[in-house]
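Below are two complexes that have chain A in common, paired first with chain B and then with chain C.
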Partner chain A sequence: MVDHVGKVVLPGEIVTGFKASEKTSKVILGPGLRQETETIRATKPGILRHKEPNIYWVDSHQKRYIPVKGDTVLGIVTAKAGDIFRVDVGSSDQASLPYVAFEAATKRNRPDVKVGDIVYCKFVEANKDMEGEVVCIDSSGKSGGLGVIGRDAGYLFQVPINLTRKVLSPDCELFGSLGKNMRYETAVGMNGRIWVKAKTVVETIAITNAICASEYMTNTEIKNMCKRLADSMAGF
Partner chain B sequence: MAGGPDQKTVLSKNVLQMKFMQRSALRIEKELNEEENKDIDDEHWVLDLPATQKLENNYMFEPSLVRIESLQFGRMSFCGFNPEIEKLMKRHNTKVELDAAEVKEMELSVQEDEMANRYQSLFGTIAKKFSSKRDRGQIEEKFSNSEENPPKSKKHRKFIKPADDD
Partner chain C sequence: MEIPRSSGFQLRHMMCEFGQLSRPDGDVTVFQGDTSVTTAVYGPGEVRMNKEILNKATVETVFKPKSGLPGCAEKMFERTLRNTCETFLLAALHPRSSISIIVQEIQDSGSFLSCCVNSCCLALLDASVAMKFLVAAVTCAIDSEECIILDPTVKQEKDSCAVLTFVFENKDDSILAVYTTGSYTVQQFQQCSQTCGEASKAVFDFYRTSIEKKLSKAT
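Here is the complex of A and B:
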């Protein structure tokens, strides 16, 4: 038994040495691992990660987004078709967004969404054989931060998907340290799109650059960078 | 009569549609369905093979990295830029903190069997607290196993009738 955890795995490689949970004797496989009857193979190149007690997945550098149910993504409305909007989320196919899936929208009362709008939405249907479906409400019918964003201002840019995961992980202090001395708001989609809005264009550019630069930084490096950024913004 | 002895009397469609006939209508439909299914089953060819064993699957699949890595919600605002979003963030954070506190509490708190063990030894002490002074002697008797205190002969206090002379 070879312990692959923390090592690089390549697509097709057989992965062994899983620890099952003691209670249920099950192993949870995340993205990048596939079961073929008895053997488990990697389907993505990357580092095999393990989380206690029994979760395994492959952490890889990736730019192509594959929809997953429950992901929140940033999409761009490309068309209005009957009772749905078509939304480009950066995956192989466009997703559909029903017009009743907005807060306080009814059949009569259509939401104010135009072609070209950015929507922060959540996947409720993500299937490899079917068109994905996104909504802009939570289970209680509230918007909960979802919906059309940035119609008046803001900047949308694309980063590798692993970077969005990094900045959203609870250990990462990038947004917190940036937010100490800068007023801004942001929306991060799991499809690798980040939207930033600050008061001035200079600030927006600074934040964008900080996010892009943080891909290979540790937490202390990120903190230092944010400090230097704040100093230079203040004119020192 | 027009119908022969082996011909079933059939209720007309109009009668069956009436409200009070609904139950029989359903029953008749069910019977018809059963007959049809029987016919289909009889015609169905099945290979006479031993039943295939279902393998036990020890692997579960979780496609979402959001849940695996417990990622934060992606909508954020800082320094009061968008108060609505900050309220939302606060709510999210308190929820996360509460969950974390609960987990910590589970770790720190006394387990059930530990509690039971402890209380077993404490039982006498605590029982003493809640008993009246009069009963205290009895409880001590029960829980002291030492030889120095041999159990006293039980003397029930009884009402002594006052002697009524005269």
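Here is the complex of A and C:
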């Protein structure tokens, strides 16, 4: 039995050495792993990850987004059609956003959304055989930060999906260290889109570059970079 | 940097670079000796209505020659590549979408088909499209003295009586596709498939080292 955890796996490779949960004697296979009768093979190139007690998945470098239920994403409204909006989230299909899925929206009281607006929304329906559905409210009917953003100012850009996962992880100190010296507002979608709004254009560009550059950095390197960035912004 | 080939019993030096293009979801430039191609992959993306397949992804390949417009031969070449790619992609995971593969010829110095298949496989790996297994293509030629030359150059291909391209997979090391021109005996075919099968191991090793190198930055 070879333990593949933490190592690179390639498609077609047999993965062994799974630890099943003691209670249920089951193993949970995440993205990039596939069961073929008796054996389990990888379907994506990447690093095999393991989470206690029994969850396994392949961490791969990907640019294209594939919708997953519960993901918060940044979409662009492309059309109004009947009682729904069409939203481009960067996947193979456009998602639909109902009129009434906004805070305080009713049949009569329609939300103020135009074509071209950026919406921060959440997937409530993501199935490969069906059109995705997004909403801008939580289960209690409140917006909770979701909704139309950045109509007055801000900048939207695309990064690899790994980077959004990295900056959103609680271990990453990027946004904290950037915030020590600059005031800014940001929204990160799981689809690889990041929206940034700062006071000036120069600051916006600086923050954008800092986020893009942090892809392969460790926390100490990120802190150093933010310090240098603050110095150069101040004119040293 | 090319390893000098004394006998023709080994593959020419292989090299690849990822991420030279910014737009595609995955891209690679593969050098196999002097032969080189750039391949870009988009997908799973939006598909045109008339090409939509209800239960799996549409695989499209586009071959761009070095100069001029693509003709019949190029269209045939596209089809060969597409058929090969369709067998190892897990297209059923992304119904009603398209996976498009664009192959740009940079330099053809022999064994061009195998270089293209290998670059398609690497580009799909770079894009992290779900695959059943990996494929590796190896070309060999049988010269007038009935010697087998692995990974022939254009001149060697021209002087030979047959050129055979084999595509192998890494699941149970069997042959996935064969593309041949010229005449040969059954025995010669067996010999060629064996030699190429051994050489394909080197290609799979090359895939592994390339992907490990790419992912080493992330860990």
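Keep in mind that, in the parts below, the second predicted complex is superposed on the first by the 236 of 236 C-alpha atoms of A that agree within 3 Å, B and C clash if a C-alpha of one lies under 4 Å from a C-alpha of the other, contacts with A are read in each partner's own complex, and residues count from 1 in each chain.
Just so it is clear, contacts are C-beta pairs under 8 Å (C-beta built on N, C-alpha and C of every residue); 3 or more make two chains touch, one makes a residue touch a chain.
Computed from a predicted model, the values in this text were never measured in an experiment.
Chemist: On the A-aligned overlay, A:155 touches which partner chain: chain B = first, chain C = second, or both, or neither?
Modeler: neither
Chemist: After the superposition on A, what does A:92 contact: first (chain B), second (chain C), both or neither?
Modeler: second
Chemist: For the overlaid complexes, name the partner, chain B or chain C, with more touching residues on chain A.
Modeler: After superposition, B is the partner touching more of chain A.
Chemist: Touch test for A:20: chain B only (first), chain C only (second), both, or neither?
Modeler: The answer is first: A:20 touches chain B but not chain C.
Chemist: Would you mind writing out the residues of chain A in touch with chain B in their complex?
Modeler: Chain A reaches chain B through residues 20, 25-31, 35, 37, 40, 51, 55, 57, 68-72, 120, 144-146, 164-165, 168-170, 175, 178-180, 182-190, 197-199.
Chemist: Residue numbers of chain C touching chain A in their complex, please.
Modeler: 25-26, 42-47, 90, 93-98, 125-134, 169-171, 207-208, 211-212, 214-215, 217-219
Chemist: Touching chain A in the complex: which residues of chain B?
Modeler: Those in contact with chain A are residues 55, 57-82, 85, 88, 96.
Chemist: Could you list, by residue number, the parts of chain A that touch chain C in their complex?
Modeler: 8, 10-13, 32, 34, 41, 43-47, 59-64, 66, 91-93, 128-129, 162, 216
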